[in-house]
Amino acid sequence: MIEVELGELIAALGGELVGAPGSASAIKLARLGPLDSADAQTLSFLSNPRYQSQLASTQAACVIVAPAMRDAAAARGAAIVTPDPYLYFARCTQWWAQRARPLSAPRIHPSALIDASAQIGEGVDIGPLAVIEAHARIAAGARIGAHCVIGERAQVGEGSRLSPRVTIGFDCVIGQRCIIHSGAVIGADGFGFAPTEGRWEKIEQLGAVRIGNDVEIGANSCIDRGALDDTVLEDGVKLDNLVQIGHNVKVGAHTAMAGCAGVAGSATIGAHCTVGGGAIILGHLSLADHVHVSAATVVTRTIAKPGHYSGVFPFDDNASWEKNAATLRQLHALRERLRALEKKITP
Amino acid sequence: MIEVELGELIAALGGELVGAPGSASAIKLARLGPLDSADAQTLSFLSNPRYQSQLASTQAACVIVAPAMRDAAAARGAAIVTPDPYLYFARCTQWWAQRARPLSAPRIHPSALIDASAQIGEGVDIGPLAVIEAHARIAAGARIGAHCVIGERAQVGEGSRLSPRVTIGFDCVIGQRCIIHSGAVIGADGFGFAPTEGRWEKIEQLGAVRIGNDVEIGANSCIDRGALDDTVLEDGVKLDNLVQIGHNVKVGAHTAMAGCAGVAGSATIGAHCTVGGGAIILGHLSLADHVHVSAATVVTRTIAKPGHYSGVFPFDDNASWEKNAATLRQLHALRERLRALEKKITP
Amino acid sequence: MIEVELGELIAALGGELVGAPGSASAIKLARLGPLDSADAQTLSFLSNPRYQSQLASTQAACVIVAPAMRDAAAARGAAIVTPDPYLYFARCTQWWAQRARPLSAPRIHPSALIDASAQIGEGVDIGPLAVIEAHARIAAGARIGAHCVIGERAQVGEGSRLSPRVTIGFDCVIGQRCIIHSGAVIGADGFGFAPTEGRWEKIEQLGAVRIGNDVEIGANSCIDRGALDDTVLEDGVKLDNLVQIGHNVKVGAHTAMAGCAGVAGSATIGAHCTVGGGAIILGHLSLADHVHVSAATVVTRTIAKPGHYSGVFPFDDNASWEKNAATLRQLHALRERLRALEKKITP
């Protein structure tokens, strides 16, 4: 629980204060929160004009608004005017987090097991029972959580933060300012086998994983090492939890994927794409830049044009679904019947 | 391998013994098992009347049955009559597990790393190499498995059991008598970003996770911390493995979700719901109490009424599927053709 | 980075060298790689005749080809002729991996916690901070990664390799030469509850997991212990990452499942099956041997005949999908309208 003055926040993040007759220091904030549950110590925001009606009734100490809302907001009370309220709000959360839960001073916990050949940069924090293997390199300011395992020759870039219990495989490279959550596995073997006489002969995965800067990877997600070349996530990629990235996949810069999405081997995903939760992208195909895939959609062929793509069976009450699903299995036959009828009528 | 007397079990769990001419102590049990593979030392049960025919042929030492089966069962041999045989069977498994694999006496393993400010209750068991961070509280009788990490200020309630390698993030709260399986991650960051100039600005997740009593969470499942408020699982919720719960989700009491289900951020799931394996529930919507979602269904809008909902593409041999799927992409056009035909015939 | 002579590789793996006028020792290899990005030190392969055109233009030092390609390949330069180029290539990756990253000499890391009653075979390697519990047995030549937890009485067979941070539950048995990747959880509780008065009574899972020889299990995959009997993976099964196998499932020999697939409890999967990524197989049903399930398909009933089965909603641009999906919800009604029309025309 912290309490801050609105003036400090504005001093740090900018924005124009309106609707506050007195000093911004007089307004105390104890939390960030949505308009509808805000109290007299809440900083809130209005980014979607649809919710404008909430402006009148909110109890918030201060509301972040766009220039178009300036007058309406100022009439109600204190407001910060800024071109992109949601972005400003994001920065507020960062500023807030730094105060509410400041990072501890970096230290190498005495229980961590660090190979003598590993290179540890300035100001690195290494948690209890972490294992840093031979020739690994942890750059300045990186934070390695408890129970992490950093494999031989792996690299973690400047300022990157690994939550407890992250595994980085040998030879894998993590860029700068990345965030990797607990349970993520970077650099397990890709899934490759040659069939022979009814069994599977393993194809050893000789590549690694290369991850750019400012990448975030969710809890228990997996990024497999490449078969021959590397699997690559470019700068700014954001992956949610339980995401699977197969071997030799390339994910373009600033692409985001929601939870439980899976990308099969050797797919190439463009930059600035979004992939909804539970979507599956098959292997050996490509998505152009700026492709948006709906949740739970299965992408079975290359998408060459930017756009929004979907493929989800619409859910229904079970009885209706059963009738439609059963008919669906005769759809092709229905089309033939329709065609026959058309011929009969208009010969 | 254990051997117990039927009489001990009945003494502990109740039920009426029928069909056993001698003493219940004379009947020895070595295992619990299904009717069809039961042997002369197996305790079995008949909960579904469909399987009544197996009663005649089973070799089981004793069968748990409902009152309606009393005579048929007694004619065969020993039987326990009880109103709900499946529930009785569940309690047998608990009774059995306590004897077959009794909990070891609680101990704090000397290799565990426990911050001096953490509060550890009476009779707590802490496994090898567990890490308990500052101000964490582990209540009486809780068991923390090997390699668990309990973050700062996190709480684990009375009698809860964490399997090896569970991560509880800072500030998260676990209720009483919960069971959390290996690899689960409670309190990773929710997936929140503000888009700006083609990249993503992180929204720090300022909430935590609150989990009620008697909750079970499967292996490698993830429950993200809330953005501003907390993510909440109410009492009695049961989640299978590899389940994803996004930030700010509320899951109502006694709701169960099968493996690989995913719930996107800010969804509100009612009480007493069931969600089938691999189902996806989109964000910012709600499910009423007593909603049942079939496996692999994608819930794309609010469900306000209790009931059973489905949405799965019916599988078929690949050739048939291909024909129907191809036609499906013209379904709207087919409807238009049908409409035109109808007009022509009945103008 | 290693450099090897082509002659050494052929001496180890066989195959006939053609198209190389000088000695095979004169050809130096620095990597394995695809035809199109090969350089003068790359060993490449041509397994799919579709890519034959790349043969003329590749810069590869040597190409692995089938007998039918002998002349075309020899005209270009060095080639290895072998009946199954892809299989030969797989063996090359194994041979290569042994040289590029030879296994370290086995050692028991001093930080590992090994119960005095555990049996550790000859030449076993145990990584830092691994926990081996009472009466566990680790057979000769097995390698247990850092941070693994091997439960009481669990067994790991000869030559099996566990990556860092694998959990093997009590009583579970892993065969010989298995590979288990980081984060996998073998032997968490199956998901079993008896409903009673609006809540769930836990069914203790009294079985274990039995895994055959030569099985590979991907990162963060989960294999649950059986309720009464064991969950079983037969020899040669290959599972990718984030795969869920419910309690009492049987997976037949040499069956492979891609990432994010899920199999619900008590399903029986035949031998030599393949299950695509994200596919869901419901519980209590069976798949014959040699059944192939497409990615993201939901198998809702038993499949008794070998073959290829699919059930995926074809994706489309969002607007087209919306129109077709909306119509799909009236499909049964459309069929009725068509039927009525047919009657009218051909009474």
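Letters A, B and C name the chains as they come in the text, with residue numbers starting at 1 for each one.
Operating definition for what follows: a residue touches a chain if its C-beta (ideal position, glycine included) is under 8 Å from a C-beta of that chain, and two chains touch if they have at least 3 such contacts.
Chain by chain, the UniProt names read as follows: A, B, C = UDP-3-O-acylglucosamine N-acyltransferase.
Note that this is a predicted model, so its numbers are computed, not measured.
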{"item": "Fitting subunit B to subunit C on CA atoms, where both chains share a sequence, rotation angle to nearest 5 degrees", "value": "120"}
{"item": "Copy pair subunit A, subunit C: interface residue numbering same or different (half cut)", "value": "different"}
{"item": "Centroid spacing, where centroids are CA-atom means, of subunit A and subunit C in whole angstrom", "value": "26"}
{"item": "Subunit C: positions in contact with at least two other chains", "value": "129, 147, 165, 183, 220, 242, 260, 278, 312-314, 316, 326, 328, 330-331, 334, 338, 341, 345"}
{"item": "Interface residues, subunit C side, partner subunit A - complex", "value": "31-34, 37, 84, 86-87, 89-91, 93-94, 96-97, 100-101, 111, 127-129, 145-147, 163-165, 179, 181-183, 214, 216, 218-220, 236, 238, 240-242, 254, 256, 258-260, 272, 277-278, 295-296, 312-318, 321-322, 325-326, 328-332, 334-335, 338, 341-342, 345-346"}
{"item": "List of subunit A residues in touch with subunit C within their complex", "value": "113, 129, 131, 147, 149, 151, 165, 167, 169-170, 183, 185, 188-189, 191-196, 198-206, 220, 222, 224, 227-229, 242, 244, 246, 260, 262, 264, 278, 280, 282, 293-294, 297-300, 307-314, 316, 320, 323-324, 326-328, 330-331, 334, 337-338, 341, 344-345"}
